[in-house]
Each structure stands twice: as C-alpha cells, then as structure tokens.
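Here chain A shows up in two complexes: once beside chain B, once beside chain C.
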Partner chain A sequence: MTETLFEKIWNSHIVVERENEPSLIYIDRHLIHEVTSPQAFDGLRVNQRNVRRPDLTVATIDHNVPTTDRSLPMIDETSSTQIQTLEKNCKDFGIKLFGINDPNQGIVHVIGPQLGITLPGSTIVCGDSHTSTQGAFGAFAFGIGTSEVEHTLATQTLWLEKPKTFEILATGKRKNSFAITSKDIILSIIKQIGTDGGTGHVLEYRGDAISDLSMEQRMTICNMSIEAGSRAGLIAPDEKTFDYLNNRKYTPKNYDELVDDWKNNLMSDPNSKFDKSFIIDVDKIEPQVSWGTNPAMVSDVTGKIPTPEEFGQNNEIQIESAKKALLYMDLKPDTAIVDIPIDRVFIGSCTNARLEDLKDAAEIVKGKTVNSDVSAMVVPGSQMVKLEAEKLGLDKIFKDANFEWRESGCSMCLGMNPDILKPGERCASTSNRNFEGRQGSGGRTHLVSPVMAAASAIAGHFVDVREWC
Partner chain B sequence: MIGNVIKYEQDNIDTDVIIPGTYLKIHDYNELATHAMEGLDPDFPSKVKDGDFIVAGKNFGCGSSREHAPIALSTCGIKAVIATSFARIFYRNSVDGAFLLPIEVDDETYHKIANSDQLEINIEKNEIKNITKNETYAIKPFSEIIAKIIAAGGLFKYKK
Partner chain C sequence: MKPFTKIISIITPFDKANVDTDQIIPKQFLKLITKSGFGKFLFYDWRFNHDGQKKNDFILNDSTYQDSQILVTNENFGCGSSREHAVWALKDFGFNVIISPSFADIFYSNCFKNGVLPIILDIEKIKKLLQYTDKIELDLNSQKITFGDESINFEIDSHRKFRLLEGLDDVDLTLKEDDKIDYFEKNSSSISIFE
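Right after this comes the complex of A and B.
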C-alpha cells in the first residue's frame, strides 16, 4: 500500500490507535515560549506532575522582548513578569532556555532549524500556530493550545485526530527568481484556496518549483500554511535539507546514519493518494500585495484594489467582508496597488526574517535612502541571524539607508511589545497576518515579500520590484 | 443549555480580534475577559450575559494558537459558539479546556438564527431549538473523538 510522507511520519509515531478514538501520538520535540506556556506550568504544579522529557523540550523568549537595547531594564511590567515566569518555570522543571541575553535567542521557529533541533521525520509542537514553518524540513510540525502544551509537558504525547492530506503541486519556473519569492507563491496559493482551504489537512508542497527553493524560502511557504487553515505544511527533505542541518549546534552525532535513513524513507510513495490536490504554475506569479484584512485578500502588484462585488463573486458574506476590509484599510476600489502610499515598513517575523531575507532586502536598499515620509525597521529573526548579517555588513547598509536595525524577536508582527503601528498607519510588512489590529489597534497591514518591502520603503509607496533588479 | 444569541454576520473572525495580542501578557482570566472581542466589538464585555451564545460564519477562530481566545469568551459567560466552520486550533482549545462548545451548523441555519434569539442547544439530540422563532435546526454531530473529550470534561479528564 502506498503512503504519503505525512502518513509515514504519523504511522511511525503512533503510541495508541483504536477505531473511533483519537490517536495517541509521540512528540519528538516540544518548543515553548513565554506567552502560551504559563498556565500549562500552573497546571503541572496544581496536579503535582513533572515534565516527562525536559531533554526534548526547549524554550525561548520571543513574543514580548523589546527589540531595543536589552541592557536597559524593561519598561513593560506585565511583559517582564511573563518573561520571569518562563525563566522560573524552566529552572524549576529543568528545561533548556535560550533567554533574553542568550546568543541563541530568537523567534522559536527560526532558532529550531538554526540549532538543528528541527529534524526530518520528527513530530514537533509548540504553543504557536506558526510551528508549521518547520514542516519545510519534512517534519510534522504544528501549533497547539495551552492545554495541549500542558499535556505534552506531562506525557510527551498528544491525543490527535488524524488530519487528511492535501497535495500542492507547484510547477514551472519563476520568471524572476529574485523579485518573485516564495512569499509570493504562498500568498498566491492562499488567494486561490482561501483562508479555510486547508482546514483539517496537512499540505504537502511538491514539484520542481518547490525543489528549486532554498531551505529558508521553503520555511516561508510552510510558515503560512496555517493562514490557509491547514494543520501543517510539509516538504519532503532533500540534499538542501540535509546540508542545512549538518553541523548545527544540536545536530545528532549519528547524523550521516540518519540522513541515509531519511533518504530512503521520507518521501511520498509514487502514486500515493492525497485527499485533495491543487496545482499552481509559478510561471504566472507576480509580486503580491495584500489589500484587505485576511491573507486571501491579495492582489498582483500590477493590479488594482477590487470592488467588493469583484472580490465576493455573488457571495453576500464575502462582499460584506470586502466592504468592511476596505473601510478598515481606508482604500477605494480601482486604486492601483502601486499608488498606495505607506507610512511604515517592517522587515521581520518568523515568515521572513532569516539571513537570505535580509540579504535580498539589503541588495535592494544598498546605496539608497528610505523615503522621508516612511519609518522603516529591520528585526532579525534571531540573534544568530543578526550576528551573521552584521558579519556581512548588512546592518550598515540598512542603517545608512535610514532603516532601524533591531534586536531579534516577534516584534511588530503581532503587537505584543512596544513595536506597534499607531492607529491609521499603513505598513508594508513581511509578516504573516493582516488581521484588523494585528500590528496595533487601528494599524493597517499589507503583506509583502522582503524585497517588495525594501523597495516600497525607498519609494514611499508600493512598487513593482521587478523593475528594480 | 439555554441562552441568547449575539450574532456577527462575518466569516474569518480571527483570534486577534477575539483577544488582541497586547493582552496576551495578562495572566488573570477575569482581566482578560474585559478585553474579549475588543478588536471587533468593544461593547461586547458589557453586553454579554452569562449563558449567551455567539453565532458567526465560517472559519471562526482562525489565526493564532492562543488559548486566551476561548478563555476570554468563556470567562465572559459565552457557553457556545455556533458557526458554519471553525479553525482547528480554536476548536480543539475550546474542547480541550472545556471552555465552551464549538457547534457547527449549515449555512441555512446560520442565516435563520437572528441576533437576540433565544436558543436551546441539545448536544445529545444534535439539535438547536430556536425558542423565539419556534424552529428546530440540526447540529453537525461532533466526531466520536471530540464527543468523548467533551463528555469527559476536557483533555486531562479524558482517560484511557
């Protein structure tokens, strides 16, 4: 019987499986951060339980941290308390923590792969929806809530309903592989399958257009799988995957042996059956810009803001949602995307703040200056990314162009630390969600790739970055 | 279970409007509840009554994994969210912590239920009785798996 990659990973992690019951699935790696873990540790204490496998659990602090000078005391007391709580919990339960001043601190989904904690064929959970990022390594990686965090801490297992499988076949070749990025591919996919197109499914991205991508680009695609409602995103590992993970801090000692095993096993069998399929031809993809308040409300950069009727296509609820989105975004139908002026630019987040993202953005910015009406910032995904970027002189390129160069963290992706939009401000953002208020109450978010964000920062409005390179 | 409806005629009600990110630092549930639905309906905490139900369109609770979302709604008194579909993490969070019931209905039912209607939800019979309109609607049954977790009273009480 043929099996998909997901089914192989699932089947190799079953602890208990009975008909009409959830399956008890073993968890190989549990990543935790300060926001979704405090109540889980409270629960352990109340019930006098221990962490079953502290050696398979790793913590960092990313959501709340200030991205400014960390030698200064934190101003926000509640953030400070939440961070201290995680520090205490990790100490009490013997969990490795990459704390606020650790050189390995960073966004949890950025440091997992960077440290070699993320491994092909494994099951990985974190109390964070963008855990799907790590599916780029051929792992079943998915976000969970705090009750499931507690359950994983206590048992290293989870009761799960088996998701269905969804093949996304990406064919063709990007017309300009610098200007048209994996961010544009995933935004195009979400635009077409919708914000709930993947609900109940694990998406497996396949095809030449996926193999063509670097590991960092693949992570961007898997990261945003959750924005299509899916359980996880998955890409079969290949030589690029094995090279990326070689010689990382926590890469296992028997790595070569593991690679041999992965090469033989971690792929969907020929002719394996997926519950759903979708084909996208990347030849046709242009740089994308979101115009609305969910990640399916997206346009080609050469396009115009649609009328609610064009967007909704006879679906009354969709038409109303587009009207509401345009009102919130203060945009009028038929406005050319390139005519939309911006106030802020945010290059950061678990979607697009890895070294390649910063290198590509710097390539656009080099020798130019941010438009005088725009305030722009770069927030590296981890302190390691920051250090590597500084070795390449990228910080100087950004600072010379009037970008702020910050310490790593989630920052303006979700508005939990002081990095937020003011009401009414319009931001070109490399993050993942353009929900109302996501980057600060009343803030207006347009999702774009790092090169699109960089070029728009210089121009002061959206531009077609293909004309810049 | 009897309660009154607060209806939002919208799809994709996301966790950032249910409980904006800035409040995820709050540890106290009662304080969290004062910000429930703030991104969509700032009057929500003052108008919601214990036992009320939220009715909305598809993909309710999309976005972040924050369990703060069902916790904030439940602490305000919401006993069920009735929607045409749910995002998975919100759905599981609601059930795992026994915070509220995520009830799926079809489009027709969603359109028939109006704001302020009084409903009686019966999950044994898989039906909703609209007391105000004297109508009865079908609930999409929970999977056996989810039904067992609900019957147990949450993930930790679900024992093998």
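Right after this comes the complex of A and C.
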C-alpha cells in the first residue's frame, strides 16, 4: 500500500490506536515560549506532575522581549513577570532555556532549525500556530493550545485525530527568482485556496518549484500553511535539507546514519493518494501585496484593489468581509496597489527574518535611503541571524539607509512588546497576519516579501520590485 | 473540569465570518499568567473605543444578551493564533457553546479542553437559529437543540462527547496508558536533544 510522507510520520509515532477514537501520538520535540506556557506549568504543579522528557524539550523567550537595548530594565511589568515566570518554570522542571541574553535566543521557529533541534521525520509541537514553519524539514510540526502544552509536558504525547492530506503541487519556474519570492508563492496559494482551504488537512508542498527553493525559502512557505487553515505543512527532505542541518549545535551524533535512513524513507510513495490536490504554476506569479484583513485578500502588485463583489464572487459572506476590510484598511476599490503610500516598514517575524531574507532586502537597500515619510525597522529572527548579518555588514547597509537595526524577537509581527503601529498607520510587513489590530490597535498591515518591503521603504509606496533588480 | 450539562439560554447572534483569535483576545491581554479574568477583554477592540468607552452598537454590549451562554457565528471561527486565551475569554465571559458552520482546527480542539462545546451546523440551520430570539434548549447527551416547536440534531465525536459529559481531565486519562508510552519509548528512535 502506498503512503504519503505525512502518513509515514504519523504511523511511526502511534502509541495508542483504537477504532473510532483519536490516536495517541508520540512527540519528539517540544518547544516552549513565555506566552502560552505559564498556565501549563501551573497545571503540572497543581496536580503534582513532572515533565516526562525534559531532554526532548527546550524553551526560549521571543514574543514579549524588547528589541531595543537589553541591558536596560524592561518597562512593561507584566511582560517582565511573564518572562521571569518562564525562567522559574524552566529551572524548577529542568528545562533548557535560551534566555533573554543567550546568544541562541530568537524566535522559536527560527532557532529550532538553526540549532539542529528540528529533525526530518519527527513530530514537533509548540504553543504557537507558526510551528508549521518546521515542516520544511519533512517533520510533522504543528501549533497547540496551552492545555496541549501541559499534556505534552506531562506525557510527551497528544491525542490527535488523523488529519487528511492535501497535495500542493508547484510547477514551473519563477520568472525572476530574486523579486518573486517564496512569500509570493504562498500568498498566491492562500489567495486561491482561501483561509480555510486547508482546514483539517496537512499540506504537502511538492514539485520542481518547491525543490528549487532554499531551506529558508521553504520555511516561509510552510510557516504560512496555518494561514490557509492547515495546522501543518511539510516538504520532503532532500540534500538541501540534510546540508542545512549538518554540523549545527544540537545535530545528532549519528547524523550520517540518520540521513541514510531519511533518504530511503521520507518521501511520499509514487502514486500515493492525497485527499485533496491543488496545482499552482509559479511562472505566472507576480510579486504579491495583501490589501485586506486576512491573508487571502491579496493582489498582484500590478493589480488594483478589487471591488467587494469582484473579490467575493457571489459569496455574500466574502463580499461583506471585503467591505469591512476595505473600511478598516481605508482603501477604495480600483486603487492601483503601487499608489498606496505607507508609513512604516517591518522586516521581521518567523516568516521572513532569516539571513537570506535580510541579505535580499539589503541588496535592494544598498546605497539608498528610506523615504522621509516612512519609518522602517529590521528585526532579525534570532541573535544568531543578527550576528551573521553583522559579520556580512548588513547592519551597516540598513542603518546607513535609515532603517533601525534591532535585537531579535517576534516584535511587530504581533506587537506584544513595545513595537506597535499607531492607530491608522499603514505598514508594509514581512510577517504573516494582516488581521485587524494585529500589529497594534487600528494599525493597517500589508503582507509582502522582504524585497518588496525594502523597496517600498525607499519609495514610500508599493512598487513593482522586479524593476529594482 | 465541570461536567457539561444541559443548557437553556438565548443565543447571541454574531453573524461574522473568519473571526480570528487576535479579535477574540487581542495580544496586549496575553501577558497574564493565570487562566482566569480574560472575559473582560473579550473582543476588546470591537467592544471598546480607543478611550475605553463601550461601543453601543456592538452586540456584546447589548444587555439583552448578557446572560447568553450560546454564541452563534459564521464560518472559520477562531482562525489564526493558537492562543487558548481566546477560549478562556469566551468561557469567562459566559459562553459555553459556540455554533458555527466551521471552526479553525486549533481553536476547535482548545474548546474541548476547557468545557466549551463547539457545534458545527450547516449554514441553513445557522440562519434559522440566528433569527430565533427566545431561549433554546441544548442537550449534549441527546445531541439535540430545541427551539420553539423545532429541533435540530448535531454531530459530535463520541469520544469528545464522553469527555465533556464526564468533565474528564485528559492528562489523567493518558497516564492510564503509561505502560504503552513506556513501550513506545523503549522501541522508538526519539533522539534526545542533549545526547
């Protein structure tokens, strides 16, 4: 019988399976951060339970951390309390923490792969929906709620109903592989399958256009699987995957042996059956810009803001959503995307703040200056990314162009720290969600790639970045 | 967790699609380290103006619905972030049941862990419910919603239903399978991070 990659991973992690019941699935890696874990540790204490496998668990601090000078005391007391709570919980339960001043600190989905903690064929969970990022390594990686964090801490397992499988076949070749990025591919996919197109399914991205991508570009795609409603997205590992994970801080000692095994097993069998399929030809993809308040409300950069009717196509609910979105975004139908002026630029987040993202953005910015009406910032995805970027002199390029160069963290992707938009401000952002108020109450988010964000910062409005390179 | 019992309540008609967890509980309220007290922040940006005054035209500010335990809403409810705080806020505000044509996966799962019942009904039935202003009766045991002379049956996974009705703690149940977890660990290749 043929099996998909997902089914192979699932089957090799079943602890308990009974007819018509969820299965108990073993978890190989549990990543923790400060926001969704305090109540889970409380639960352990109340019930006098321990962490079953501290050696499969790591923690970092990313959501709340200030991205400014960390030698100064934190202004926000509640954030500070939450961080101290994680520090205490990790100490009490024997969990390795990459704390606020640790050189390995960073956004949890950036440091997992960077440290070689993320492994192909494994099951990975974290109390954060963008855990799907790590599916780029051929892992079943998915976000969980706090109750499930507690359950994983106590038992190293989760009760799960087996998700269905959804093949996303990406064919063709991007016309300009610098200006048209993996961000544009995933935004284009979500635009077409919708924000709930993948609900109940694990996406497997396949095809030449996926193999062609670097590991960091693949992570951007898997990261946004959740924006299409899928708890997890994955890509079969290949030589690029094995090279990326080689010689990292926590790469397993018997790595070569593991790679041999992965090479033989971690792929969907030929002719394996998916519950759903979608084909996208990347030849036709242009740079993308979101105009609304969910990640399916996206347009080509050469396009215009659609009317609610054009967007909704006879679906009453979608038409109403688009009307409400345009009102919130203060945009009118038929406005050209390139005519939309911006106030802020954010290059950061678990979607697009790895080294390649920063290199590409710097390539655009080099020798230019941020438009005087725009305030722009770069927040590296981890302290390791920051250090590597500084070795390459990227920080100088950004600072010379009047970008702010910050410490790593989730920052303005969700604005839990002081990095937020003011009401009414419009931001070109490399993050993953353009929900109302996501980057600050009343703030307006446009999702774009790092090169688009960089070029827009210079121009003061969206531009066809293909003309810039 | 308290066992889930029969509910008799009016519904709160909340006819919105793609309601994301950032709306249900905005991020500035995720910094608490307890599970209680989130209700007052539910739908904060929709309920309050920037100066903290209540918006009179927002339905949850209408006193008609103040004792309602049932939120009836539209497709893809609870999309976005995995934050369980969204369910804690809805529960703390008084909602024990959420009825929608579809839910986001993580939100749906989070509901059951907190004694909140998410019910999936097709859009025609939702439209009917949205019109009904008297109290409805919702019985999980018989999987039936009764309003006036009409009734609607709903589907729910039997395993999840049992856990809700009994108010069972998931971890307790799993620890009964401890020998199977031990067995899996002895035979699997889970690699310690710090070998």
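Assorted remarks:
Here is the rule we use: the second predicted complex is superposed on the first by the 469 of 469 C-alpha atoms of A that agree within 3 Å, B and C clash if a C-alpha of one lies under 4 Å from a C-alpha of the other, contacts with A are read in each partner's own complex, and residues count from 1 in each chain.
The definition used in the following text is that contacts are C-beta pairs under 8 Å (C-beta built on N, C-alpha and C of every residue); 3 or more make two chains touch, one makes a residue touch a chain.
The shown structure was predicted, so the numbers you read here are calculated from the model rather than taken from an experiment.
Once the two complexes are laid over each other on the shared chain, residue contacts for A:Arg438 go to chain B and to chain C alike. Contact with both chain B and chain C is seen for A:Asp196 once the two complexes are overlaid on the shared chain. In the superposed pair of complexes, A:Lys96 makes contact with chain C only, with no contact to chain B. Using the contact criterion defined above for the overlaid structures, shared-chain residue A:Lys366 touches neither chain B nor chain C, since it reaches no partner. Of the two partner chains placed by the overlay, neither chain B nor chain C lies in contact with A:Arg248.
More residues of chain A are touched by C (comparison of chain B with chain C). Contacts of chain A with chain B, set against its contacts with chain C after fitting on chain A, overlap at residues 16, 20-22, 24, 35-36, 38-39, 43, 47, 63-64, 76, 78-79, 81-82, 85, 127-129, 143-148, 150-151, 159, 161, 195-196, 199-200, 229, 231, 294, 317-318, 320-321, 414-416, 433, 435-438, 441. Chain C meets chain A in the complex at residues 17-18, 20, 22-23, 26-28, 30-35, 45, 50, 74-76, 79-85, 87, 102, 104-106, 109-110, 113-114, 157-159, 170-171, 174-175, 177, 180-181, 184-185, 188, 190-195. Residues 12-13, 15-16, 20-22, 24, 26, 28-29, 35-36, 38-39, 42-43, 47, 49, 52-53, 55-58, 63-64, 76, 78-79, 81-82, 85, 96, 117, 119, 122, 127-129, 143-148, 150-151, 154-157, 159, 161, 163, 195-196, 199-200, 226, 229-231, 250, 252-253, 258, 294, 317-318, 320-321, 414-416, 423, 433, 435-438, 441-442 of chain A touch chain C in their complex.
Within the complex formed with chain A, the residues of chain B that make contact are 9-12, 14, 16-17, 20-22, 24-27, 39-40, 57-59, 62-67, 85, 87-89, 92-93, 96-97, 143-146, 148-149, 154-156, 158, 160.
Every residue of chain A that touches chain B in the complex is listed here, in rising order: 16, 20-22, 24, 35-36, 38-39, 43, 47, 63-64, 76, 78-79, 81-82, 85, 127-129, 143-148, 150-151, 159, 161, 195-196, 199-200, 229, 231, 294, 317-318, 320-321, 324, 414-416, 420, 433, 435-438, 440-441.
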